[in-house]
Amino acid sequence: MIEVHGLTVRFGGVVPIDRMTVTLAGGTCGLIGPNGAGKTTFFNVLSGFVKPIAGSVHAFGEDLLAVTDFRRARWGVRRTFQTEQAIANLTVYDNVLLVHENTGGGRATRRQDVMDAVTFVGLEPEANHLVGTLGVASRRLVEVARAVVGKPRLVLLDEPAAGLPADETEHLAQLIRRIPQETEAPVILVDHDMSLVSACCATTAVLDFGRLIASGATAQVLRDEHVISAYLGAEEEL
Amino acid sequence: MTAVGTLEGGETDSTGEVRTRRSGRGPVRLVVLAGLVAFVVFGLPTLLDRYWLQIVTSAVIYSIVTLGLGLLIGRAGMVSLCQFLLLAIGAWVALRLEYATSLPFPVLIVVAGVVTGLIGALIGLPALRLSGLYLALITLMAAGAITVVLRIAQFPNGGGGFFGNSAAGGASSRLPRPAIAAGDTAYFRYCVVVAGLMFVLAVWQVRGKSGRAWAALRQSQATAVAAGVNTMLYRLWAFALASFMAGVAGGLLAADSGGVNINQFPVQNSILLLAVVLMGGVYSLWGAVVAALLLRLLPALLDNWGVSTELLTILFGIGILQVLLTAPGGLADQVPKDLANLGRRLRNLVSPKAKRAAPPT
Amino acid sequence: MPDLKPFLVLGFALGGVFAMSGVGLVVLYRATGVLNLAYGAIGATGALITWSLLDSDWAPDWLAYLACIAFGGLATLLYGVLFGPPFAARDPLVKATATLGLLLILLGTMQWVWGRDPHGITLPTTRWNYELFDARVSGTQIIGVVFAIAVTVGTAAFLRVTKVGTAMRALANDREITATLGVPVRRVEAAAWLGSGIVCGGAGLLLSNLVGLDIVGLTFLVIPALAAALIGQLRSLWVTLAAGFLIGIVQSGLTAFSEVAEYRTLTPFVLAILALLWFAIRREQSLVRSSG
């Protein structure tokens, strides 16, 4: 349960997030909106990169904003990035191990936890390969493995399927659907691919100009006229 | 996301290596390595006369400094321009302690290393929040400041006061060697052992948690923070480790034949050190050895052949430009690749039927 | 209280040259992202060329002096044209490190060609002496101060008023957007390289006269210039100017106090470190800029 109240972020004259208030239930929740709506900025607030000038974020009753910087990840926030950030110079195993050992993962179960995550995304055969030698799809999977290893408490996926062909996207969708039960952590998915969002997310929230304009069951939200006009512009005669 | 100190270019792509697996040839490599070390320790001194042995000893000592700087640049993506002066500080601390206490030699060296490590951490601390350029500049300024203070303080030579230096003591200061390593050959072997230990320390760090954290840092600050890495701590640690190594090398240098005097630490040597480390290759630990040989062996060779050593300065300058432009892995990276390419071409010449498509480079 | 005046006079002149060099460094950095650490080396090489021309009587004196300034401009421009584009997309740290390569090349060349014998250049202006505020001041020293102010004023005006100057300011602000606006980036950068190079040559000539023609010494006089530029946050020309004078005056003034005279050369380092510390405390490192 993520409760956001009156969240506001300002960079100079730009206000990417403007008094955003929303409650995100468990399971997988989609977060959509046109470009510049503030989705990635919201993720940046959640993962501790950006400090809001007003508002609060509570996760499972705890004040998330009180946890700073890298400690956010230790608290349990995991995220993937729009531009894929798997570390090319490390192996798949080491990439995932990195997250486990820096987020309070226990040493006793370390090897097992890491291999569980690697197996979950289907990269077990390549566990000892350098990530730099893998293709784009596999690198994205490494990022997902890093997001689910150990005991995450909130998983943020920022356009995880960007740049992937349709069959890989399908594979990814199936993975994402399994994350909440595998990790018991809520997942928030940002993407422009509406079929992916529909396939994975029971609920969806919509941002436009930093404000929440709709939230609820995915199917209904995608049909909401405010949402459609936000994407297409105010007046559109077809 | 900005990448921290990407020496290999604007993009954070793969290093271009086509290794797919951690080398299954590990055991073979270890045997070769052991053989090489055995040759260096036992065989080499018998082949060299006193002068060349001293040069090679000096190269071994400097390989510890280049190792530290190589780690700092190659793994943590940070550039320091004061490593050479930290070497001087290590020597200073070792000498000062020698005159003030009766600690055994190995302890002196380690203490010199630790103190230098702390000083290095102190220098790097303020710059950690700033970009890589400002860190390099602060180390440049620190190098200059240390040079000035050193010129005034001189190296301890048994005199009184904090600086432990008196004009009557003479210009050079020398640390007495431990009893087991009094002679030149014995001291050479002693230095090789210490250098070996430093390399083991480096490998241990790189293959462990620190190495992974540094790899994340090099990728980008955001990646590291998102993975829960305490970026300031690991940057500071990289700096402290490199400084520790410079300090240890300083202690060894103080016991080298001829001792140390301040003329050995002119300002431009810090830049020459950076040049050879880049040229040797910062992504491989062997690069440190190559760098040390470039710094100590090459000038001696040129001197022997009557070629002026100023040309080396020019060469190293060109080396910096070349490495930054085209071969970020330096010689340690380029030479194996070139040799592999050469090997492949030779094989194709010998058996054209077995020609395979050239692998992507 | 010892008589500070002769030291202050020298300090002002030195500081002027530091300030001038600092301004050159700042403008180049803002326009191209390159912090030219080879600044002193270029000036030193130019001064040595001048010395050779004077010594061999190949050319009239005024041409020899001009050669230093011309070399400064041309050498810097050449470096900028050759190595600017390949490094254009790289981190400022990489660009600055590359200039260290240039520094070594020039340093080695100077030591090889001109050896380590001391040389000296005496500008004609040094022989003009005046009485100012009860102290003797040479023409060169006056030039040092006047040029510093003139260069700063001129540069500030140039940046604000001319098209090229405005383009430089735009480049400093955002390189990519400026390129898409149709500004001839390469040409503007070349102008910045040339301009800073000319200032570099002039500074080298003045310094060789004020401080002596010592190869290593002149090469590393980039440090006080750099310190002034850092105090100006690599941004403000006026603060750089003031900082340059400050460094020169303090460093020179300390000579008069025998207890600390030895430590006076610490001045630029200490001031630069303090400036950098101040940035570290004030600056907030934000990891990610606003994005969609």
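General remarks:
Each chain gets a letter, A, B and C, in the order it is written, and its residues are counted from 1.
Keep in mind that, in the parts below, a residue touches a chain if its C-beta (ideal position, glycine included) is under 8 Å from a C-beta of that chain, and two chains touch if they have at least 3 such contacts.
Given the structure is predicted, the values throughout are model-derived calculations rather than measurements.
No other pair of chains shares as many C-beta contacts as B-C. Put simply, the chain nearest the middle, going by average C-alpha positions, is B.
Between subunit B and subunit C the centroid-to-centroid distance comes to 31 Å (mean Cα coordinates, whole Å). With each centre defined as the average position of its C-alpha atoms, the distance from subunit A to subunit C rounds to 49 Å. Centre-to-centre separation between subunit A and subunit B, using Cα means, comes to 42 Å.
Each of the following residues of subunit A touches two or more other chains: 49. Counting partner chains per residue, subunit B has residues 1, 222, 225 touching two or more of them. Of all residues in subunit C, those touching 2 or more other chains are 287-288, listed in ascending order.
By the touch criterion stated above, subunit B contacts subunit A in their complex at residues 1, 12-15, 17-22, 209, 212-213, 215-216, 218-220, 222-231. On subunit C, the positions that touch subunit B within their shared complex are 35, 83, 86-87, 89-94, 96-98, 100-109, 111-112, 216, 219-220, 223, 226-227, 230, 262-263, 265-266, 268-270, 272-273, 276-277, 279-280, 283, 285, 287-288.
In the complex of the two chains, the subunit B residues touching subunit C come out as 1-3, 5-7, 9-10, 79, 126-134, 136-138, 140-142, 144-145, 148-149, 152, 221-222, 225, 266-268, 271-272, 274-275, 278, 308, 310-321, 324-325.
Residues 47-49, 69-71, 73-74, 78-79, 81, 83, 85, 87-91, 94, 97-99, 101-104, 128-133, 146 of subunit A touch subunit B in their complex.
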